[in-house]
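Letters are used for the chains, namely A, B, C and D, taken in the order the chains are written, and counting of residues starts over at 1 for each.
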Amino acid sequence: MKKLINNPEDVVPDALQGMQAAHGDVLRVMIDPHYLCRADAPVQGKVALVSGGGSGHEPMHGGFVGPGMLDAACPGEVFTSPTPDQMLEATKAVDGGAGVLHIVKNYTGDVLNFEMAADLAREENIEVEAVVIDDDVAVQDSLYTAGRRGVGATVLAEKVCGGAAEEKRSLKEVADLCRKVNGNGRSMGMALTSCIVPAAGAPTFDLGEDEMEIGIGIHGEPGRERISLAPAREVVERLAGPIVEDLSLQQGDNVLAFVNSMGGTPLIELYIVFNELKKLLSGRGVNIARNLIGPYITSLEMAGCSITLLKLDDELTRLWDAPVSTPGLTWGA
Amino acid sequence: MKKLINNPEDVVPDALQGMQAAHGDVLRVMIDPHYLCRADAPVQGKVALVSGGGSGHEPMHGGFVGPGMLDAACPGEVFTSPTPDQMLEATKAVDGGAGVLHIVKNYTGDVLNFEMAADLAREENIEVEAVVIDDDVAVQDSLYTAGRRGVGATVLAEKVCGGAAEEKRSLKEVADLCRKVNGNGRSMGMALTSCIVPAAGAPTFDLGEDEMEIGIGIHGEPGRERISLAPAREVVERLAGPIVEDLSLQQGDNVLAFVNSMGGTPLIELYIVFNELKKLLSGRGVNIARNLIGPYITSLEMAGCSITLLKLDDELTRLWDAPVSTPGLTWGA
Amino acid sequence: MPVQYDDVVAWVKAFASAIEENKAYLTQLDSAIGDADHGTNMQRGFQAAVQKLEESPGDDIGAALKGVGMTLVSKIGGAGGPLYGTFFMQMGTALAGKSELEADDWATALEAGVEGVQTRGKAELEEATMLDALLPAVQALKESVGAGSSLEAALVKATEAAQGGMKATIPLIARKGRASYLGERSVGHQDPGATSSYLLMKAASDVLATKKAS
Amino acid sequence: MPVQYDDVVAWVKAFASAIEENKAYLTQLDSAIGDADHGTNMQRGFQAAVQKLEESPGDDIGAALKGVGMTLVSKIGGAGGPLYGTFFMQMGTALAGKSELEADDWATALEAGVEGVQTRGKAELEEATMLDALLPAVQALKESVGAGSSLEAALVKATEAAQGGMKATIPLIARKGRASYLGERSVGHQDPGATSSYLLMKAASDVLATKKAS
């Protein structure tokens, strides 16, 4: 296992200490239970946004804490959803009297732990709404399964809702907006190599030298299918095709195109992917009005990428453009 | 070779097209000869900054084109310095009458090509100064060799000089500032895995499962020594130790600490490295006043990191904080 | 011979040891169809639970199990945390105030625990989860106890049933939890949670067998 | 028999073919002590140079070589672009206006080319660069021509000297170019640029040998 770490058990606390050391001006890292919150939390009268999930997806979520995005993030162990006590403490710390939105990725663990946390917070008279993000078209959507995973749209929802919360919109409005992003956003990912969970010490899956995995999850959960290596053009068709279909994108639609590195894929390749995506969408008359390109929701050092498309309207575009000032995303501020 | 590309020969043009598609609002990508320049170039009365180098280090340099940083960047083939005609065209395109600064990383190819380009530009009556960055302490500094390589300090010099140029300082002042950053900045890198040059199709070097390379270059040039895998703490000592010594950092000094991913190392590991760096520097009374953490000067998909320290004074700090608005670095604007 | 407070503690400890021993195996099962953390998660949680039990000895079995459940919830995370946590909390509630348990106390409590898992996770039999080990175990235990078996004998039956249920997850298409993302590709893999649940039942029957022997 | 315009074109083409054939080998040499691009770089440059020669035929050998040099400068990049580019530009300058070359024209031009490389790259003998092949080649050529050898015989000597110089880079500590970053670790590796320069001399002697044979 080749990683820049000390001990596998210390990965999360060491990285959190590093975040505190680096970004103490915008956020506070709390230990035991672990959470990160805005340095100026709670912001009175503002809906507070709390998200969280397993570690190993950096900068998500901790790197998105700050003005214009999250009020708090709860980091679990690597790929393990955080626990209700972390979420409860974070919720209490950031509640500014206008209620708290939990942005939850649709994984059994995340959903169950956030449910328990919301129950506990309500017992303490904090108004909590939870929105579950499930944008991964690689997974069959069905009432009889755990349903689609929450992936790239989470980043977009956190940004858009963060913008709305800064405008002092109500908890219901911010939650509705989160559901709107989820409704208009779809993603799919692929892997060229597996990640290695530090505590496991071995690759989660084995891929042959000439194979790639299409429809992979951000925890190295196996995907839809394993196929031979293919050029970027074909990879983009396989990822973006189902998204375009699922969103029923039409001629003239505006989208935000988010090309994400799974961690081990460098920027030069993301631009090649983006170029193919632009060609594919242009061919269908779909306009990329905004874009985000880089490693924002990673899966440790996994090589590969994911594509997320969010259908935009004026409101979403405006809120996407609103100022944000976090370690992971900064503009306009 | 596992990469998200089409053909090895098309890597650079495809990625450039992707950059144009993504960032057409801030920059223009010119083809044949290839260069990228600010969308609003030339800016009259402002010293223009031109840099360039082999591709494969993204976001450097193309991702640093925009207000507050570079006016133009010349991308070569992967790991191959660009040619004088690219540099000449870029220089002509961005000259706003106040002269052009060439920021050159110290590699024989980069130096020779930029020299030829500067000669050609001067023949066309453009005032050109060139500053060569050589900050890599892994390499023996000697008059009788090619000298130290230019690595991480290049990113910092481009930012600081970009800030100064926006203030309409003279070519001489901006060039002096560039030399000051180079004088006060030192770097060292390491690799856990090799990169694969697309046209070569095989790893540039072979590292055993339990080995790492200390003092690696950003082109996969072998480093100072090959040692057994070690914890982040020890890696940081091996990288930062020689830097601290070379800069003669003292109790009370303020530094900018730049922890960079070589491409394949994810952010969570960079924070662990940053945490160790902070501890090491605190132990010597050195204060990290500013930091930059992420993949900014990469070596394709190589796993590993580099550390750069820049000794700060008020002027450098102010110029570092100045607004910048490029695809790769954005704040305050 | 009724089950004492110390036997219950011994059960939790025996399970913690079994998890410790099988940590790599559980994680390996989770690598194939999940995210490679089930062993690490369970180990972290039960290490903390054992520590909690050692720090606050007592004789209220219900309270002790509730404490175990709460520790698991705050230490495990993932799907396992709320599910195993709820299991122990519900068992604890069912046994509130008791310092000795007869066979039917066990049956009632185990049923309450498993119902808790079902309510929380909304899974059913044959969806390839820990319930595939737990539900058959409860049924076997109830039947044996109802037929007048000793608790120890009933737990042996329950453990066999759990093992059968665990193995039965292999040919199933997973419908809940992370493995469900694989659809058909989940076929042929044994569910990690069902495996840890089998170890849980086995720890109980092992502890009671030792008690009888001694 | 003096060297004609077509022979010079044939030389550049023969070198381009040799590069094509040895592309992977040159890149492999560059992987060991550099950045794995020397073969690709040279191939890109000489492909363009050959195309340029084919597009604009003429009979001014000096102008043709200058054109080759300029094409190399604008197509190769890296260290190789300015160095090989300067080599051909300086040769071209030395042969300006000529449409036929005698042996001493060659010697003078080659010397001018190599001096250009030295001025540009500021390297000396035994620093493990292309100069370790080129400098001995020039010296051998001059000596042979001075002693009255035919150009073809002199080029054979020059090629032998280049090959010797190329091999002599193996035990050297590199002091210039990318390999110099390795310090002592550069020992034991043959320099890629010296290897391509040997191929350049070999292409010349091969072409003249063929010319004589035909």
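Quick notes
Just so it is clear, a residue touches a chain if its C-beta (ideal position, glycine included) is under 8 Å from a C-beta of that chain, and two chains touch if they have at least 3 such contacts.
Keep in mind the model is a prediction, meaning the values are calculated, not measured.
Steps from subunit A to subunit D, minimised over paths through touching chains, total 2. Contacts with subunit A and subunit C are shared by no chain at all. Using CA-based centroids throughout, the chain positioned farthest away from subunit C is D. Separating the centre of subunit C from that of subunit D, both taken as means of CA atoms, is a distance of 76 Å. Centre-to-centre spacing of subunit B and subunit C amounts to 55 Å, using the average Cα coordinate of each chain. Averaged Cα coordinates give subunit A a centre that lies 29 Å from the centre of subunit B. With centres defined as mean CA coordinates, subunit D is found 32 Å away from subunit B. Contact topology of the protein chains: linear, an open path with no closing contact. Contact annotation for chain pairs lists A-B, A-C, B-D, with touch applied as defined.
Contacts from subunit B toward subunit D in the complex involve residues 33, 54, 76-85, 107-109, 112-113, 115-116, 138-140, 144-146, 149, 197, 199-200, 202, 204-205, 217, 219-222. Taken in their complex, subunit D has these residues touching subunit B: 27, 31-37, 40-41, 44, 73-83, 120-121, 175-178, 180-183, 185. By the touch criterion stated above, subunit A contacts subunit B in their complex at residues 2-7, 11, 14-19, 21-22, 55-56, 58-59, 63, 192-193, 209, 212, 229, 231-233, 235, 263-276, 278, 288, 291, 293, 295, 298, 300-301, 303-305, 327, 330-333.
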